[in-house]
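Each of the next two complexes has chain A plus one other chain: chain B in the first, chain C in the second.
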Partner chain A sequence: MKFLTTNFVRCAIKSCDGAVNSFPLKYSEIELVQEEQDFQPEFILGILPRLDWPAILKVAADLGNTSLPSQLPEIDINDPSNEILLKDLHTLLIETQLVQGKMICENCNHVYHIKDSIPNFLLPPHLAN
Partner chain B sequence: MDQISIETEKDRFENVKDPALKEETYVHTVYNEIASHFSQTRYKPWPIVEKFLNSRKNYSIGLDVGCGNGKYLGVNKNLMILGSDRSDGLIRCAYKNGHRGLLVADGLQLPHHNDRFDFAVSIAVIHHFSTEERRIQAIKHILSKLRPQGEALIYCWALEQENSRRGWKEGMDQDQLVPWVMKSQNEQQTKLRYYHLYKKGELIDNSVSAGGEIVEDGYEKDNWWVIVRKV
Partner chain C sequence: MSRPEQLAPAEVFYNETESRKYTNNTRIQHIQAKMTLRALELLNLPKDTANFILDIGCGSGLSGEILTEEGDMWIGMDISPDMLATALDREVEGDLLLADIGNGIPFRAGTFDAVISISAIQWLCNADTSNADPKRRLLRFFNTLYASLKRGGKVAAQFYPMNDNQLDQIQSAAKVAGFQGGVVIDDPESKKNKKYYLVLSAGTPDVQI
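After this line comes the complex of A and B, so read on.
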């Protein structure tokens, strides 16, 4: 599960639908692996406006990274000084893999698991509707 | 497996009253059992799906609901697509194929925000839900994740496929258990999967019942397909 995915998943339980704290999930006891991936600066730049930046900050903090800018800076792809930031974002969003651990909904406290890099959102029958 | 044993199994299937349990036994379990063999046979993207993905705006964000081994996740590198599947076995195949935006999830309980995604594809998935109510609900659930004007491409197996080796045609039973034959060295095993075979116009009707607007529809290689817009 690449870090980027955490920005697009929340609690699957219906009653958490509108709840503010059902997203992002809280990431706990996470084992991380860095995996080299192709660097596509245009792609990173293109999806940035679609990200929930505060959620990125929160999940990064769950994983022990508090070095991100609190506001998403303006990035000009033609400005070479931005290359470092884009590379950092690539390392975080695309190359950082969550391999094992727990994802917890802070609204209902349901715990989801990540096993061998795959997050599982299937619900037990009593929570399924 | 001969026709008689398929019919015996069909009786057993009809006697299961809970539709979710039917799907558990005749869809989910089977896909987990056949996953790696099934995955080896699924590598060629269908042209309409490819065209749909290649016509999305760059850096759009989308969902592939029932992504199987992930064969559509890499078609257009300028899209961000999350692939989900009910089968852990198939998601493992997608992982082995190099995909990293994956999750195991139920198509009726997707763990995503409502009104956020630009598009979705759901290819050969909705036909595995065992009641019409659940098939409509599944389409509705996909649409709920799209932003207004977002589009979903949905494919379902057709009843009208007289020229296929299965030979189904108009007037036949739309609910079928379809054999999957697995051959290993000297053993042959048959697994039965449940399908609802869509008849002409039915996928459009279901999509409209789900609250969507039809953008385009058609028939391709034994399947009905539709592009539905969220209003």
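After this line comes the complex of A and C, so read on.
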């Protein structure tokens, strides 16, 4: 699962809908790999307005990266130096993959597992909505 | 021939053998590709940007590969681990989630530009375990689907309703969730080629300032 996806997935349990703590999930015991992917600047540009930057910072910290800027950097598409910034975002969001580990909802404490890059959101019957 | 959803729940039916059979069957691949292209046509997404798309019941990623060719980014959800394992083997570009859509779409509000689904949502109408309530599952699905889309985001879902009652159930749950739209029927006169597409939009787009 791409780092980008952590900025969108939340707890699947109905009683956590709308709960502030149900997003982002907390990431623990995560095994990461860097996997080269095609660089699509137009996708990065398109997704930027939809990113929740505080959630990016929080998950990055869960994964041991505390060096990201505290604000989403301003991007002027006409400025060629922004290519570097877009590439950095591509490396972080698209090429950083979570292969194994746990995702924990900080509202209900339910633990979801990531195995072979696939997060498992199946719920046990007593929590199925 | 009996339909798969009458034989067993999706996660049981699409076991390893069935997943490979399904994925390697060129006739199925051809039909799946055709339905995916038709669903994309119904979505009518802007071509000049990369869209962020959710594929519901992504299976082994046959539709996803077409989305990748179109330059779109996608995330796929499926309830069958074997189908997802086949997708991993085929090294699809999209991220894959193991999930039961009847329990909801676990994404924060406004995540996706659009949603595509091929031959999946009729499974929601099945009461295959003692505690599965199709009506509740349909509502949970459509409510959370609506929230996961950006305002004005669209859905095109090809499905196989077993009867008119299922068709009504699906459409009314979508409406209760706030969706606008309805069902498009292709080749309505042909028993063999008749196809149903649920085409929805999640409100009207936000005004660009």
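A few notes on this one:
FYI, the second predicted complex is superposed on the first by the 129 of 129 C-alpha atoms of A that agree within 3 Å, B and C clash if a C-alpha of one lies under 4 Å from a C-alpha of the other, contacts with A are read in each partner's own complex, and residues count from 1 in each chain.
The rule we apply is simple: a residue touches a chain if its C-beta (ideal position, glycine included) is under 8 Å from a C-beta of that chain, and two chains touch if they have at least 3 such contacts.
Quantities reported herein were computed from a predicted structural model and do not represent experimental measurements.
Superposition of the two structures on chain A leads chain B and chain C into a clash. Using the contact criterion defined above for the overlaid structures, shared-chain residue A:E74 touches neither chain B nor chain C, since it reaches no partner.
Of the two partner chains placed around the shared chain by superposition, chain B and chain C are both touched by A:A12.
Once chain A of one complex is fitted onto chain A of the other, the partner contacts of A:I118 extend to both chain B and chain C. In the superposed model, A:Q40 makes contact with both chain B and chain C.
Comparing which residues of chain A touch chain B with which touch chain C, the overlap comprises 1-2, 4-5, 8-12, 14, 17, 23, 37, 40, 42-43, 46-47, 50, 116-123, 125, 128.
Those residues of chain C whose C-beta lies close enough to touch chain A in the complex are 49-52, 71, 73, 75, 77, 79, 81, 84-85, 88, 93, 95-100, 102-104, 106-108, 110-111, 129, 131, 136-137, 140, 144, 150. By the touch rule above, chain A contacts chain C in their complex via residues 1-2, 4-5, 8-12, 14, 17, 23, 37, 40, 42-43, 46-47, 50, 52, 116-123, 125, 128-129.
Residues 1-2, 4-5, 8-14, 17, 23, 35, 37, 40, 42-43, 46-47, 50, 94, 97, 112, 116-123, 125, 128 of chain A are the ones touching chain B in the complex. Touching chain A in their complex are the following residues of chain B: 20, 58-59, 61, 77-78, 80, 82, 84, 86, 88, 91-92, 95, 100-106, 109-114, 116.
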